[in-house]
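Below are two complexes that have subunit A in common, paired first with subunit B and then with subunit C.
Coming up: the complex of A and B.
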């Protein structure tokens, strides 16, 4: 029950993209076609889940117990979390890149520069930092659920966006709004629509 | 103490991840033909798409996989073709470079039935309107081809596009840009090539009504030099496979007999013409 609550919360209510305004760059950059957006969503979900799990291990099993005991202060090496998290995320992205290049070359070429740019996707770093800050995600399985849900939330957001943008191609958009303008408007309206989920779960 | 501990923790983490990635790199290695990289190096890196592939890297891959010919890069020409052939260890057949010609030689003053047009200054738009000039086959003169050219090789002169053959690489961007399909790529076996500068498929009377320099489809050229010229749909065309650019007796006769001024030389200007032009433009001696 707890897992479902966390999952619902991060996918619908506190969606990283719509409520946290994280990961806007790939959200706008790779949402031209649904299949590409889905591929991007899968890659981000994988990276975010792995990074969430590994950063939890680093924080709770290495930084806090080992370093904490040495100084008698649990938060002594807290400043290292950003550096360590970024390293974990970058390594995971490298892994995904190699994997895609080997097994899905068409997806690899179509994602192009946005694949290595997952490294700097703030949704991922944001999710890892949130996991550490929220009281309900202190246990490992809860943290894993939260990270996975964050990825799914990102995927839902980007796939909905791509679906709308595929239809936008054929609609008669007023000239000043064409391109980035209408895309940002749509993103805003989508975010507004997602506030309708407030109150579900936690 | 904190600094030392931080350094130790980070070094340990880095070491773990570096090992992980190193192992993954070996396990997930994609074997790529090293020649692809070499061919890519030899290409001009213009990424113009003139070869029909998405970019130079894509073309390099196709060449190594023998899906594309060594001389498939129109920008690099024979020099690049030789380099690629050397990398692949094959012989390259010498070919003439393909360059753009325009199958309409009408200047603004040669066109009849030109009406005032206040619309968007673009051939694509004017072609949709359709009635900006009498000839519905000829050049519209708004220079879409010049805008499409990445190499600054096309300029509008007196209402018709003129190709700078030193700059033209034959990438074919202008061919795609022309809404009336007037631009063609032909093999320049010589510096100057003969071109039928008209694409009007109407019969004689209709052509005369819309243009002073249109091809009337009289078939005289076909009669004198049937190997080179064919007349189809009331317009002459040159078979560039049999026409080598030489001015043979037959072609001289055709040039002499052609009643319309549609047979033009494209390419580098005739040295004689340049001399005449310079003489005419030179200021008269002060006396």
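Coming up: the complex of A and C.
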């Protein structure tokens, strides 16, 4: 039950994009076509899950200040948290990049510069930081569920957005609002819809 | 290349023509997340300015030593170091605001605006130009955050820097709560970006 609660909470109620403002840059940049958005969502989900698991291990077994690390030392290395996390994320992204280049070359070329930029997708670092901050994600499996749900939430958001933007191409938008302006307004209305989920769970 | 534009030009372009949030659409996450009050917007702008100035300074000093294929890694590690400093400083001296901003201070690390400045300017130019650019970008970022913060705080809570500016009796019962909630952020930024585009178009036609 706990897993379902965490999953629903992070996918719908506290969606990283609409409620947490994380990952806005790829959300605006890669949401022109549905298939590209889906590929991006998959890549982010993979990176976020792996990074969530690895940073949990790093934080709880090596840097954690209270319980003592795996060598039994009580190192107060909390200040290394950000540097360690960003290293993990950068190497995970490198891994995904190499994998896609070898096995899915068309997706690799269509994502282009946005693929290495997953490193700077704040949804990933944000999810890893929230896992460490929230009381309910302190156990490993809960943390993994939260990270996976965060990725799925991002994927849902970006795919919905891409679907709407494909239709926006045929509408007559006032010139100054073309591009970013109208996308942000649509995102605002979507966020309004997602606010409706607030009643579910915690 | 370096002689083409002066330091002053480089400083000004960051504030107006290349404004990171409103024109280049970089660093959108903090621009949306922390602008529900003017105070948060100011602190966020200050922290980001400090980080972009220091990272441009270090990158510019190291530009002849950095090998091209590891440069992104070096940038992120430099930025992460200064973000840690800014985060500890805010926790020590501005605890309340730091709690309100929460995870968005560490998230300066992945703010594309800062990496973009290191990649576009600092890695190719001397210290003077890099610093001028960083100050311009930092101030441009702060100003755009401030614009959003002012609009959202006044409409959402009827206050400015926690002082009541709109009639309290009306705003206690009819406040636009939506403005300080997430959807308000998207809508405000969308409208501001549209208005800025309109003004830039008009400026071009006039000139």
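Everything that follows uses one rule, which is that the second predicted complex is superposed on the first by the 191 of 202 C-alpha atoms of A that agree within 3 Å, B and C clash if a C-alpha of one lies under 4 Å from a C-alpha of the other, contacts with A are read in each partner's own complex, and residues count from 1 in each chain.
In the analysis below, a residue touches a chain if its C-beta (ideal position, glycine included) is under 8 Å from a C-beta of that chain, and two chains touch if they have at least 3 such contacts.
Quick caveat: nothing in here was measured; it's all calculated off a predicted structure.
**Student:** When the two structures are overlaid on chain A, which partner does A:28 contact: first (subunit B), second (subunit C), both, or neither?
**Tutor:** It touches subunit C, and subunit B stays clear.
**Student:** Contacts for A:125 in the overlay, against subunit B (first) and subunit C (second): which applies, first, second, both or neither?
**Tutor:** second
**Student:** Can A:58 be said to touch subunit B (first), subunit C (second), both, or neither?
**Tutor:** In the superposition, A:58 touches subunit B alone.
**Student:** In the superposed arrangement, which partner chain does A:152 touch: subunit B (first), subunit C (second), both, or neither?
**Tutor:** After superposition on chain A, A:152 lies in contact with neither partner.
**Student:** On the A-aligned overlay, A:6 touches which partner chain: subunit B = first, subunit C = second, or both, or neither?
**Tutor:** After superposition on chain A, A:6 lies in contact with neither partner.
**Student:** Classify the contacts of A:95 with the two partner chains as first (subunit B alone), second (subunit C alone), both, or neither.
**Tutor:** A:95 contacts subunit B only, not subunit C.
**Student:** Regarding the shared-chain residue A:77, is it in contact with subunit B (first), subunit C (second), both, or neither?
**Tutor:** In the superposed model, A:77 contacts subunit B only, not subunit C.
**Student:** Between subunit B and subunit C, which makes contact with more of the residues in subunit A?
**Tutor:** Answer, by number of touched residues of subunit A: C.
**Student:** Once chain A of both complexes is superposed, is A:185 in touch with subunit B (first), subunit C (second), both, or neither?
**Tutor:** A:185 contacts subunit C only, not subunit B.
**Student:** Determine where on subunit A the residues touched by subunit B overlap those touched by subunit C, and list them.
**Tutor:** Looking at subunit A, the two contact sets intersect at 79, 83, 87.
**Student:** Using the touch definition up top, name the residues of subunit C that touch subunit A in the complex.
**Tutor:** 25-26, 28-30, 32-33, 72-73, 76-77, 80-81, 83-84, 87-88, 102-103, 106-107, 109-112, 115, 178, 181-187, 189-191, 193-195, 197-198, 201
**Student:** Can you tell me which positions in subunit A touch subunit C when the two form their complex?
**Tutor:** 18-25, 28, 79, 81-83, 86-87, 90, 116-117, 119-122, 124-126, 129-130, 133, 174-177, 180-185, 187-189, 191-192, 195
**Student:** What residues of subunit B sit close enough to touch subunit A in their complex?
**Tutor:** 1-2, 5-6, 9-10, 13-14, 17, 20-21, 24-25, 28-30
**Student:** State the interface residues of subunit A toward subunit B in the complex, per the touch definition above.
**Tutor:** On the subunit A side, the touching residues are 58, 62-63, 66-67, 70-71, 76-77, 79-80, 83-84, 87-88, 91, 94-95, 98-99, 101-102.
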